[in-house]
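Two complexes are shown next, each including chain A; its partner changes from chain B in the first to chain C in the second.
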Partner chain A sequence: MSLLFNTEWGFLEGIVRGFKNGMLKHSDYLALTQCDSIEDVMMSIQGTDYGNIFANDRKFSVDLIEKRLGEKLLHEFNYIRAHSTEPLSSFLEYIRYPYMIDNVSLLISGLNNNRPMKRLLEMCNPLGYFDQLAAIEVAVSSVELFNAVLIDTPLAKFIPPEFHEDTFGEIDVEIVRGLLYRSYLESYYAFCQGLGGTTSDVMCKLLSFEADRRVITITVNALPTNLTPNDRLKMYPTCGQLPDLALRTLSEIVDYERVRDMCNFAGYGDMFENIERDTDGLIGLEDRFLMLEAKNNVYSYLQQFHFGVFYSYVKLKQLEVRNIIWICECIAQRQTDKVNAYIPIPLE
Partner chain B sequence: MSEPKGPSIRSSEPETTSSAEEAGCLLDSLHLHIFHLLEDQVVQHNQLSRETSEARMILARVRLQEGNQRTAAEAQLPRCRPYKALCRLVEEARAWGTIVNLNRLAVEPCRGYLQPVTNIFGALVPMSLRVASRKWERCVDQIVDCANTQRELQASISSIRQLRRSLYPSYPHK
Partner chain C sequence: MVAEKLDKEAAGQLLDAMYLDMFHLIEEHTQCRVNLERANASGAILLARTRFQAGGCNSVSKAQIPTENSAEFNALCRVIKAKDENEVNIERHEVDKANGYVEPLHWFSVLPPMSLRHAVTKFRDCIELVAESTNLQRQLTDVLSWISKLRQSVLKQ
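Let's turn to the complex of A and B:
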């Protein structure tokens, strides 16, 4: 497999490892956290591997920085995708599906709130663009969106069989997103298992963590709502390490302490520790998951000749963009005492 | 926060020299009352500023945690779809003027009183967004307190002007 891998994808693995080596180091983060203004942050970013991405910009804002950083990642991803062959091409498409799901959720929300389609398309994530997205302009309601687009798009295979165009507009958007994401994650897991070898080992571990994280996050977020256990269970991906009994128990839990107890039993108890000791109240459960996800994605680079490096690069780069935006927000809001509360990426 | 009772000028009509002294004491009391109100106003503004800063920081944290997984808020804000407000402002009379009271109604989806955070952002709202929403609700309470203090301050200033005009009618008052 190693010999075959290098003939087809060795170049691209080398490229993505080079991209990963260009990510921000601890010294770069130190320089960013010491900036006094957004303009200083933009100057510091241009001194890193991002390069001169703000050359044509005159106005300085956090949204502009986020947009330019996202464009850089998109450019790198498109380069890899354009040079890839099967099954790497399908693997890279799977990386894009969550962004497609986000874009479709945005369109559903916007159409339900009578927003103009052109404005909604501008807000879509470029990583989640697909050919049929341009045809969505003809849809003026979520029912038309379901008929005209979802059936003929790459997301069609993730639509649950019980979805119907008449009920589509009545279901909460977040539940639609949850159901689509579950189907996507299980399909991705099965695809990676089918690839076998190191890719299967690395990706199945990453995806099963993602599945468990989704289960716990949905459970915690659904606690103060009226979602039934059946609604919750439908959104839980089953490809994680949490057994079926744990999933059924979590779907029925209505108390935060019981969620913690169940996660202790399943090996995720560390996620809930130390949260009370965070005096600023900023570090939450999601931050703990992000830190563990960052560590797992960095570890995937310890092995060679597998597709997991591409997945991990996209995840780590997005986390890096979020960290930069957090630093920018702290500087813009003049709350620099919290600027070091970004998620560390243990690259070194 | 305590509400210092403002002295009223209606019961004091200077007719004799002792009445002029009383009016002078009343004027002093009103000035002191203004200083107390200014102090209260500064404290309230500082509290409001601190609360809004914390809420904005939490929103920035939500942006870090959720990344692109959350749909843009602009697409989710309700438009052209009427819903009933949970907060009502009611004016209440006081000796010196009127204040506003904030009445909060209970969430009752069957009667159209929806919870804003879930109505706008869907069923699975992250915990940090709920915390930010509660902070913004506290900010609304503090804004009402600031408005009431400002009203009382304006009423006291008007009272001082009236008293000065009656005490010194020939003096050019601004």
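Let's turn to the complex of A and C:
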């Protein structure tokens, strides 16, 4: 398998491991947290593997930094994608689908508020661009929106069978997003299982963690809302380690303590413990999941000859971008006492 | 002459009391402004935290905020005159989607994360503090005006 893997994808695995080795180290983060201004942050970033990404920019802002960092990742991803063959090409397309779902949700929200399409397209994540995205604007009814958004796009295969064009307009965008994401995650899980070997071992573990994380996060966020147990259950991906009984129980829980007990039982109890670093109450449940996700993604590099390294690289790089933007926001808002609340990536 | 002297003394004591009031009001007003600044900063950093946790600036985005071309809705929070005409109060309305009183939090998500909910609490506190600051400012203006009048009348004597 290793020989067969290397003939097709060995070069790309080497490339992505090189990209991963260029990610920010602890010393780079220390340098960033000690910056006094956005300009200093940009100078520090240019001294890392990101290089001279701000060469042609004169105005300094957090949005600009985020845009340039995203373009760097997009460039690297496109390079890998352009040189890949099947089934790696399909695997890499699966990595893009969540960003497509996010872009479609953003466009629907923006169009509902009568914002111009050109401005909305600028706000979309470039990893989630696809040709039919701009066609959403021409839809004048929910039926046309349903067809334009979901039927004629790469997201068509993730539409749940119970979706109808007549009722599409009545469903909240967040619920549509949750349903699409569930379908996507289960499809990705089945695809990785079909690939077999080390890819299946590594990716199924990562995706089942993602599924459990979605279940717990949706449950906690839905507690103060009027979302029915049935609606919650529809959004829960079933490819996680939480059994069906746990999913049904979580969909009916209305109390935070019971969610905690359920997660203790399922092995996620540590997510709800307080951590010493959190002095301002900023580090919440989602942050703890991010920490565990970072650890799992770093561990995927301990094995060779599998596609999980590509998935893990994109996830770790996204986390790195979020960390840099958090540091920039703290500096821009003059709240540097909170600058260390980023999620460290245990690369070393 | 004795009466004049007594009048001046009384005016002086009144002026002292008013100056004391003025200093207390300045202190309260400054503290209110500091609290307002703190609450606003906490709200802003919590919004940044929400974007950090959800991934990217589009999770809490301008695209989700209604524009002048969006469907009309009623404000949940209004500034009204208090019983004492010189003061303002905040009137809050319950969420009632059928009658146009929408929950602004739902513009961003029907499943908002905890950080976004905390941000809402902070910005709500900001509104209360703005009203308090306004009332203190008005009281201070009144006291300064009375001090000025009293000083002029004492000088005329």
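Descriptive notes on the structure:
Keep this in mind: the second predicted complex is superposed on the first by the 336 of 348 C-alpha atoms of A that agree within 3 Å, B and C clash if a C-alpha of one lies under 4 Å from a C-alpha of the other, contacts with A are read in each partner's own complex, and residues count from 1 in each chain.
In the analysis below, a residue touches a chain if its C-beta (ideal position, glycine included) is under 8 Å from a C-beta of that chain, and two chains touch if they have at least 3 such contacts.
Nothing here was measured: the structure is a model prediction, and the numbers come from that model.
Once both complexes are superposed on chain A, the partners chain B and chain C clash. In the superposition on chain A, A:285 contacts both chain B and chain C.
Within the superposed three-chain model, A:329 lies in touch with chain B and with chain C [touch as defined at top].
Using the contact criterion defined above for the overlaid structures, shared-chain residue A:57 touches neither chain B nor chain C, since it reaches no partner.
Of the two partner chains, neither chain B nor chain C is touched by A:270.
Within the superposed three-chain model, A:225 lies in touch with chain B and with chain C [touch as defined at top]. Applying the stated touch rule to the two superposed structures, the overlap between the chain B and chain C interfaces on chain A comprises residues 102, 106, 109-110, 113-115, 120, 123, 125, 172, 174-175, 178, 217-218, 220-222, 224-225, 227, 281-282, 284-287, 290, 318, 322, 325-326, 329-330, 333, 335, 338, 341. Considering their complex, residues 53, 56-58, 60-61, 63-69, 71-72, 74-81, 118, 121-128, 130-131 of chain B touch chain A.
Chain A contributes residues 98-99, 102, 105-107, 109-110, 113-115, 119-120, 123, 125, 172-175, 178, 217-218, 220-222, 224-225, 227, 281-282, 284-287, 290, 318-319, 322-323, 325-326, 329-330, 333, 335, 338, 341-343 to its touches with chain B in the complex. Every residue of chain A that touches chain C in the complex is listed here, in rising order: 63, 66, 102, 106, 109-110, 112-115, 120, 123-125, 172, 174-175, 178, 217-218, 220-222, 224-225, 227, 281-282, 284-287, 290, 318, 322, 325-326, 329-330, 333-335, 338, 341. Residues 41, 44-46, 48-49, 51-58, 61-67, 69-70, 109-115, 117-118 of chain C touch chain A in their complex.
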